[in-house]
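After the structure tokens below, expect a handful of questions from me.
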Amino acid sequence: MIKAKVVGAGGYGGVGITELLLKHPEAEIGCLVSLSDTGRKMSDVFPHLRGFCDDVIVSPDDPKNAEPYDVVFFSTPDGVGMQTAADELARGAKVIDYSGDFRFGSTERYAEYANFIGRDPVHKAPALLSETVYGLAELHDITETQNIVGNPGCFAVSCILGLAPAVAAGIIDPKSIIADCKTGVSGAGKKPNAAFHYPNRYDNMNAYKLAGHQHVVEIEQELGLLGNDDVQITFTAQVVPVCRGIMSCLYATLDGQKADEVVEIYREFNRNNKFVRIQDAKTPASIADIRGTNYCSLTVDVDERNNRLRIISHIDNLMKGQAGNAMQNMNLMFGLDSGISLATAGQYP
Amino acid sequence: MIKAKVVGAGGYGGVGITELLLKHPEAEIGCLVSLSDTGRKMSDVFPHLRGFCDDVIVSPDDPKNAEPYDVVFFSTPDGVGMQTAADELARGAKVIDYSGDFRFGSTERYAEYANFIGRDPVHKAPALLSETVYGLAELHDITETQNIVGNPGCFAVSCILGLAPAVAAGIIDPKSIIADCKTGVSGAGKKPNAAFHYPNRYDNMNAYKLAGHQHVVEIEQELGLLGNDDVQITFTAQVVPVCRGIMSCLYATLDGQKADEVVEIYREFNRNNKFVRIQDAKTPASIADIRGTNYCSLTVDVDERNNRLRIISHIDNLMKGQAGNAMQNMNLMFGLDSGISLATAGQYP
Amino acid sequence: MIKAKVVGAGGYGGVGITELLLKHPEAEIGCLVSLSDTGRKMSDVFPHLRGFCDDVIVSPDDPKNAEPYDVVFFSTPDGVGMQTAADELARGAKVIDYSGDFRFGSTERYAEYANFIGRDPVHKAPALLSETVYGLAELHDITETQNIVGNPGCFAVSCILGLAPAVAAGIIDPKSIIADCKTGVSGAGKKPNAAFHYPNRYDNMNAYKLAGHQHVVEIEQELGLLGNDDVQITFTAQVVPVCRGIMSCLYATLDGQKADEVVEIYREFNRNNKFVRIQDAKTPASIADIRGTNYCSLTVDVDERNNRLRIISHIDNLMKGQAGNAMQNMNLMFGLDSGISLATAGQYP
Amino acid sequence: MIKAKVVGAGGYGGVGITELLLKHPEAEIGCLVSLSDTGRKMSDVFPHLRGFCDDVIVSPDDPKNAEPYDVVFFSTPDGVGMQTAADELARGAKVIDYSGDFRFGSTERYAEYANFIGRDPVHKAPALLSETVYGLAELHDITETQNIVGNPGCFAVSCILGLAPAVAAGIIDPKSIIADCKTGVSGAGKKPNAAFHYPNRYDNMNAYKLAGHQHVVEIEQELGLLGNDDVQITFTAQVVPVCRGIMSCLYATLDGQKADEVVEIYREFNRNNKFVRIQDAKTPASIADIRGTNYCSLTVDVDERNNRLRIISHIDNLMKGQAGNAMQNMNLMFGLDSGISLATAGQYP
């Protein structure tokens, strides 16, 4: 059995990976760590887990936190993973970090990202950047040799999966990309906040962070690598009153390709990506199709009148955008089938 | 493998049991029948099932419908099951019917129920009423010898589980019961309707069927059997803007019992009921705790100042109130552990 | 022009009375006071007021707060009004207080209330209790001679209006009353809180404060006065995912009266109450009928089988349950028509 | 008093203009016409209007429909207005039509539009097209001489107001425009429909009509006129789970202009447009700011890195997008202040 530790167990990312570990036939929860809910049972913090996970959450100072585990999930804010990942690796654990700490291949890219979120641009564990990989299995080959992974940002997953086939095929102008992205509220985390107080959020929607969103850095890094060219996108983050789900509309100028041709490019690119579903513009699609699951659903369309690619990318921000993708990475890092604990249909309605 | 047929596959009850059958290690879907979506793939009607259930839905006239199956789920309106259940039983199937057709032990009770919903009070298969059982395993011993089951109504499940321990213990006045029940919108089914059109339903709530709700008949039947006395309840159905979930507040006059004593009675009654969770009034509980699962969560409370029992009963109307409970019945009718495909935690948030 | 001061302008109660004052042809806003948003424009805190109310919110220490006004609305937590109301009265203002400070006719009742909410049971301005009135114009004659009013609690308004006609007519057993009350989330105020964080609140509902809700004290006081008999109710507070609205189901044992008779008693009682609408159980009603308005809609029903009164009371908790009712009181305290700025239809959908 | 007739009174557009007429000091409702709710009181169809509008809805065959009125609102599907508007004009009425019948200046543009919605491309009242005007007062001078107006489409209002200043100033490439538009569900009207059934719509979002949306025709017509150049946009309609509100993100390539400069162009263009509010990207804005009102709120932003204009346009689709704008037109057609019955703040939360 793979023994897992979850750091940041009291948040949405922590409970998400806990739910998936509970369903995993070859993994078990070894330790739940959190600053905020120390001493409480996981099932008191999250009553839906009663009888499934009644473990007590420990503080980082607890001796249990210092024991060795096979895998450690850092569902923690930026800056935590880079300070303790080396210790975990030294104790033999594989590390999957949800923050931006290990998403970037260079200290320069990291500094660019850190500036967006007002953090110290100096990375605290630069040596690890050459060992980490951007944790999106649809773009990078993640195998048993991989010991540390930077799990991607939720918006970034929706944009990169939506644009990668076109960028890889070289059919779009890399300077013409616009990403108009709508997220559900769970993307902002569990901490209460005036913007997400129910009376302010129901029947409401708004754009935010117009000055710049940090996920742009990793989107441009990954698409740039893929297309062997600089990519520069206009990105608009918006929040709508759903709990789970991101719907990103992605636009870019084509070189004359027709819809059928582009659909075929997308199908081909994803031939082995079990969590990506491709459909054309005639097939209905919605967030409900993938809610609660690790699937990404891409509607591939071309506005032929304007010679413009239009992709509608749908994911569950807490699954393919966070814990589900982390579990997919864990499976691959242990040489298991990537779909274990993940390849199930959601629930409707 | 248990080969299952689902009649009424195009509705919420049909897709619910389909989702559970797909997860069941000892069952498989043999045939999906519906009047409305004939000829379409199940996954075109319910896109979240793409890759999981791409079977074509057949009409009742299709030869496939006439083949023998091990179990047949009738997720159909009242009156359908009573006309075809005998044929299915004759072909060797076990039958689980979601409607009121097989919930009543006598033609008189059935007539009372039929009057509430404006149907012919004459039962079409009276001979089967002595073979059927009210399909709530917490009250009736359902075993491999059982071939036909009347799956209970959703409101009824929440009320009966909430009141059964008190009625069985004889601690409440059976004429004093008030059931104030709030349901999510999915309880009304998949067919669009002015009352459940989004702009009318968001930010809204209302009581309905004040003249009388048909679920009262089965609640009074079951509690009457349990308490060996006539039970007569005041019942108020209400709808609130949630998708899944019933929260019933149940009141009745006690004979001086204190809260601790009553909590203990509820714990004892449910000692072997794995899908019933009991908590006292100090423990927070909400619909979110059981959303998407087969669990019933009961908060047991006493208003000692007024000598009144107060139970808050929470279920997912589409799971313990419908498909989940049907799956629990199937497991028992085939001698399996009742929790197969059901005993998992939900997803939060 | 009536010059008004609003203390607590930054909350829902403050913005509600501000909206109504802006529409009032004989009143104007003189001063907006708040602890939390001092120095900001009202329209920066509430952008829907841009161009309508761009006044700067001042702190209680601001000289502007010490100027005389014709009316002062205390939209403040318990304990604020009782410390400063005397000063306002001395400066010639009429006072309308939203908290429990001035709802009770005696220091004993106040102490009972204070215990529920964990406050010092000793009232700080006991002399004012003989001058104040419970601010529900449907029960008390509020005229120009009235200088101080305790605006009622939102749940209390829905329950008292729903039960008053029956209690006054002496047709129900005052010990048999059960109030099952569902509120929208805005009732909890503007301050963010884990329970009302959107991802926890959407698609969720729960009961709370089962140990006892402070509004019970004023309901029992008012109904006791009306019926000349002690009233003791069982009260269950619940929250459902709507923003505005309270729906209370009220039950009590009748003395044999039929529905028609009871409907007539309710019509007669409310003949001059322009904000109360009565309908029988056959007329559809919902929260949407009164959302955004000062109306209370009562569905009057009798469960004749069980000889039980059943009233469904609908109000907007921020209007008839708070700011709207306060405006109604202001109008009466200044000898104006009670409907000014209030007697308009809502908006649908 | 202006005597008004509302054709299509039973829908959202009809009830919207009814609410506004009830508040208008110089107008009154003369006749309510509908096919679907004939013989019912308006307040039985819309209970929030009880006591405010208890008029009986008549059928088009009713003699009352043939009487003369000062203004007729056609809140009807495409094709109705063009068949009866001439008669109404002949009887001396002014006509405001909500459909596409009178939005286009030529039969060619109309044919283009009609093709999108699968209607006969031959206009039935071509002579009226030279008398009508596109009913957006921010672009066209609507005065007492105007007798017929084509009220704009809701998406079109949000896009045209959002782009007009930039197009008029000639600062954007007219072939580079992308309009990514999210609407609330009320935009689809009152008729129940599987897509807008509450359980399918809550916690869901999707794009639709990817093949082409009819509002594009009027956007291109109006912006083309304004910019004296052909405009060709990529338009994506999406629906999110709010009731009221459209948020359109509008993108176009600039010619090097900076944000401050563009904000100033927008302020100048709207100097006399009382229902348009301009803010820069640093000022928070959301649908809640304008919900229930006739205001359009524009956030004006420039992605300087990519030399791209980004406008976030917020309207209430049933007000500035429909009935509110129609009332603004009525006021102007009768020489009244355009803000009568409209220039009020909304309600929050």
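By written order: A, B, C and D. Residues from 1 in each chain.
Please note the rule applied: a residue touches a chain if its C-beta (ideal position, glycine included) is under 8 Å from a C-beta of that chain, and two chains touch if they have at least 3 such contacts.
This structure is a prediction, so every number in the text was calculated from the model and none was measured.
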Quick check: more C-beta contact pairs at A-D or at A-C?
A-D
What is the chain whose Cα centre is as far as it gets from that of chain D?
B
Expressed in whole Å, how far the mean CA point of chain A lies from that of chain D is 39
Between chain A and chain B, what distance separates the C-alpha centroids? Give it in angstrom.
37
Report, in whole Å, the distance between the mean C-alpha point of chain A and the mean C-alpha point of chain C.
46
Got the chain D residues that touch at least 2 other chains?
12, 184, 186, 190, 199, 202-203, 241-244, 284-286, 288, 291, 349
Residue ranges of chain B touching chain D (in the complex, touch as defined)
12, 184-186, 190-194, 196-199, 201-203, 241-243
Would you tell me which residues of chain A are touching chain D in their complex?
175, 178, 180, 182, 184, 199-200, 202-208, 210-211, 232-234, 236, 238, 240-245, 247, 249, 251, 281-282, 284-288, 291, 299, 301, 303, 305-306, 308, 310, 312, 349
So, in the complex, the side of chain C touching chain D is made of residues 12, 15, 19, 22-23, 46-53, 186, 190, 202-203, 243-244, 277, 284-286, 288-293, 344-349
